[in-house]
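Below is one structure, written out as structure tokens; the observations come after it.
Chains here go by letter, A, B, C, D, E and F, matching the order in which they are written, and residues are numbered from 1 within each.
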Amino acid sequence: MLYMVNKSPLMYGSLKSALRIAQAGDPILLYEDGVYAAAQGAASEGLIREALQRHPVYVLQADVEARGLSRLVEGVQTVDYAGFVELVEQHHVVPWL
Amino acid sequence: MLYMVNKSPLMYGSLKSALRIAQAGDPILLYEDGVYAAAQGAASEGLIREALQRHPVYVLQADVEARGLSRLVEGVQTVDYAGFVELVEQHHVVPWL
Amino acid sequence: MAQKVAVLMRKAPYGSVYTAEGLRSIMGIGVFELDISVIFVDDGVYALVKGQNPAALDMKPLGDSFPMLSEFGVTRFYVHEPSLRERGLTPADLVMEAELLDDEGVARALKESGVILPF
Amino acid sequence: MAQKVAVLMRKAPYGSVYTAEGLRSIMGIGVFELDISVIFVDDGVYALVKGQNPAALDMKPLGDSFPMLSEFGVTRFYVHEPSLRERGLTPADLVMEAELLDDEGVARALKESGVILPF
Amino acid sequence: MKIGVLILEGPYQHEAADTAYHFIKAALARGHQISGVFLYTDGVNNANGYIKPPGERNIAQRFSELAGQGIDVIACTACARFRGFRPDMLAENVKLGGLGALAEYIREADRFVTFGD
Amino acid sequence: MKIGVLILEGPYQHEAADTAYHFIKAALARGHQISGVFLYTDGVNNANGYIKPPGERNIAQRFSELAGQGIDVIACTACARFRGFRPDMLAENVKLGGLGALAEYIREADRFVTFGD
């Protein structure tokens, strides 16, 4: 299952909650304001590093660029909208709105 | 200043953030989904108990009733819309949306 | 075989329309040969709390509508037990019986449905 | 004496319209004899990050508009320093210089304005 | 006192417009004046006179009634264009206007309250 | 593959309708079919043909164009009544419909994606 998270991690509990439910190996897609979770040096970095131990973690490129996020936590993979679609081809989708 | 919080405390960071900024004596009004923070036995109870040490804490009655909240943390005061207006008479307003 | 759908309720009622519309969507699509389960996680569990009375808000109460979904053929209701506990609630506080699930149980319930509708 | 207004920016840009509309509201009301300050707290500090480029979203970049608010007579910009730090950011990451405030400083800046417009 | 109100969300999706309405009614009941209600961003949709919710509260009618009592209720013109909200959709007594109206409500008000999400 | 899409938020206020559009375009570019786009709750406002954003992306036009390419785009009738959205406001090729359309898009889809807040 592809868990999709679109909220910033320091003001919203949705990433933490999604990670609690998602099973090892389930990919996590950070999109819209969710991409802030991949920022290096943020207080959420530990959460993402833990997530990377159990999940492939993706960020949506257009949302990363929009927000001027230049330094992403190592191991986080960038996908464009085509890559987003590819993830959806491979997995059923759980939008963690 | 009257700090107004309308989000639930376990999924949103707004109560915690408002309490970080509000100065001792500033009243806190919990309204809309914010009233869940006053629930007895919830994981947010510690946060409210701490808040009560420094602030008068109010919940909006109509929102409490709507959500079936029957057990409120001791010390939290209930106001109706008229009481909400009274608080606004006494204080400038900081909606912590 | 009917397509399986999980309606995932994660939001609190009344502060926003999602609980009410999640409920309405179940009644709306439930008559069209879909195999629907409802999963309450995070603030979504508040939807099932007993004694909701939004009369002063001039809104309609939502809680008691969930048990009536059985009339639409919806009988599988799951509640994330940790979400309940963190909110100081027990199954006795809810308007209906529902199967309690742990984290893994929720993941499994989601996986059993190809389609997740989040509200 | 002009009424003091504090525009309180607490939300991240692009995911929702609030940052853009907070900005637009400042330009819109700034011409009407109001004494406006802008306070960035929580995710609001993201509004000032350098290098924003929402071209692929077909949206307009917001960051560089804030320094131009001086043309509307708005010159007091405050950034909550803990919010910045928790996001792994430093003043060098921002599009403009702003006064850094601690918790108490933000409370004081809010108190100095009778009117708070939250975005 | 004079109290100004800003609403940032539309009808039904969020409770903001409901809370604003109940607050305004209570403020009037306590003898206060409302310097104005400004409907901004999605808030403009609260002024849509075509709203017809079967068997539920009519949020547009509420603001129309307040406006009918002489309270200034103004929906942001630019937001309206973004949202396909045309002048003919305006609920009775509600008007379209620019941010100058918001500035005026702020200047006149002893207190100012924003309702949003 | 066949992919179904549900949108729960209106235009401009949240990024949901933008993300949905870019996702649908990319899905089409990869050769997929869209079983349908259902506009629910505030999502119906994405179908408002009167949207005229000066100098900005026109979100209604996007969905109108998708519908013009033969993709089913349906806005929820009941939500429309709640929001004062009348049939004459519909962007070209977009239609009003009930939840049966959503059920159909779900049944036909190999994947189903919801965009909201």
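Quick note on the criterion: contacts are C-beta pairs under 8 Å (C-beta built on N, C-alpha and C of every residue); 3 or more make two chains touch, one makes a residue touch a chain.
All values derive from a computational prediction rather than experimental measurement.
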{"item": "Partner chains shared by chain A and chain F (touch criterion as defined above)", "value": "C, D"}
{"item": "Given chain B and chain F, the chains that contact each of them", "value": "A, C, D, E"}
{"item": "Interface residue overlap between copies chain A and chain B, same or different (over half shared)", "value": "same"}
{"item": "Pair with more cross-chain C-beta pairs in contact, given B-C and B-D", "value": "B-C"}
{"item": "Of all other chains, the one whose Cα centre sits farthest from chain C", "value": "D"}
{"item": "Centroid distance [mean C-alpha coordinates] between chain C and chain A, Å", "value": "26"}
{"item": "Geometric centre distance via CA averages, chain D-chain C, whole Å", "value": "39"}
{"item": "Chain A-chain D separation of Cα centroids, rounded to whole Å", "value": "26"}
{"item": "Set of chain F residues in contact with two or more other chains", "value": "8, 12-13, 15, 22, 41, 56, 78, 111-112, 114, 116-117"}
{"item": "Shared-contact residues (touching 2 or more other chains) in chain A", "value": "6, 10-11, 13, 17, 32-33, 62-63, 92-93, 95, 97"}
{"item": "Residues of chain D engaged with two or more neighbouring chains", "value": "10, 14-17, 42, 56-57, 59, 114-116, 118-119"}
{"item": "Touching chain combinations (by label order)", "value": "A-B, A-C, A-D, A-F, B-C, B-D, B-E, C-E, C-F, D-E, D-F, E-F"}
{"item": "Chain D contact footprint on chain A (complex, rising order)", "value": "6-8, 10-11, 32-33, 36, 39-43, 45, 61-63, 65-71"}
{"item": "Chain D partner contacts - residues on chain B that touch it in the complex", "value": "1, 13, 17, 20-23, 26, 92-97"}
{"item": "Of all residues in chain F, those that touch chain A in their complex", "value": "1, 3, 8, 15-16, 19, 22-23, 25-27, 29-30, 32, 111-117"}
{"item": "Chain E residues touching chain F - in the complex, by the definition given at the top", "value": "9-13, 41-42, 45, 48-54, 56, 60, 78, 81-86, 89"}
{"item": "Contacting residues of chain C [partner chain B, same complex]", "value": "10, 12-16, 42-43, 46, 49-57, 59, 63, 86-89"}
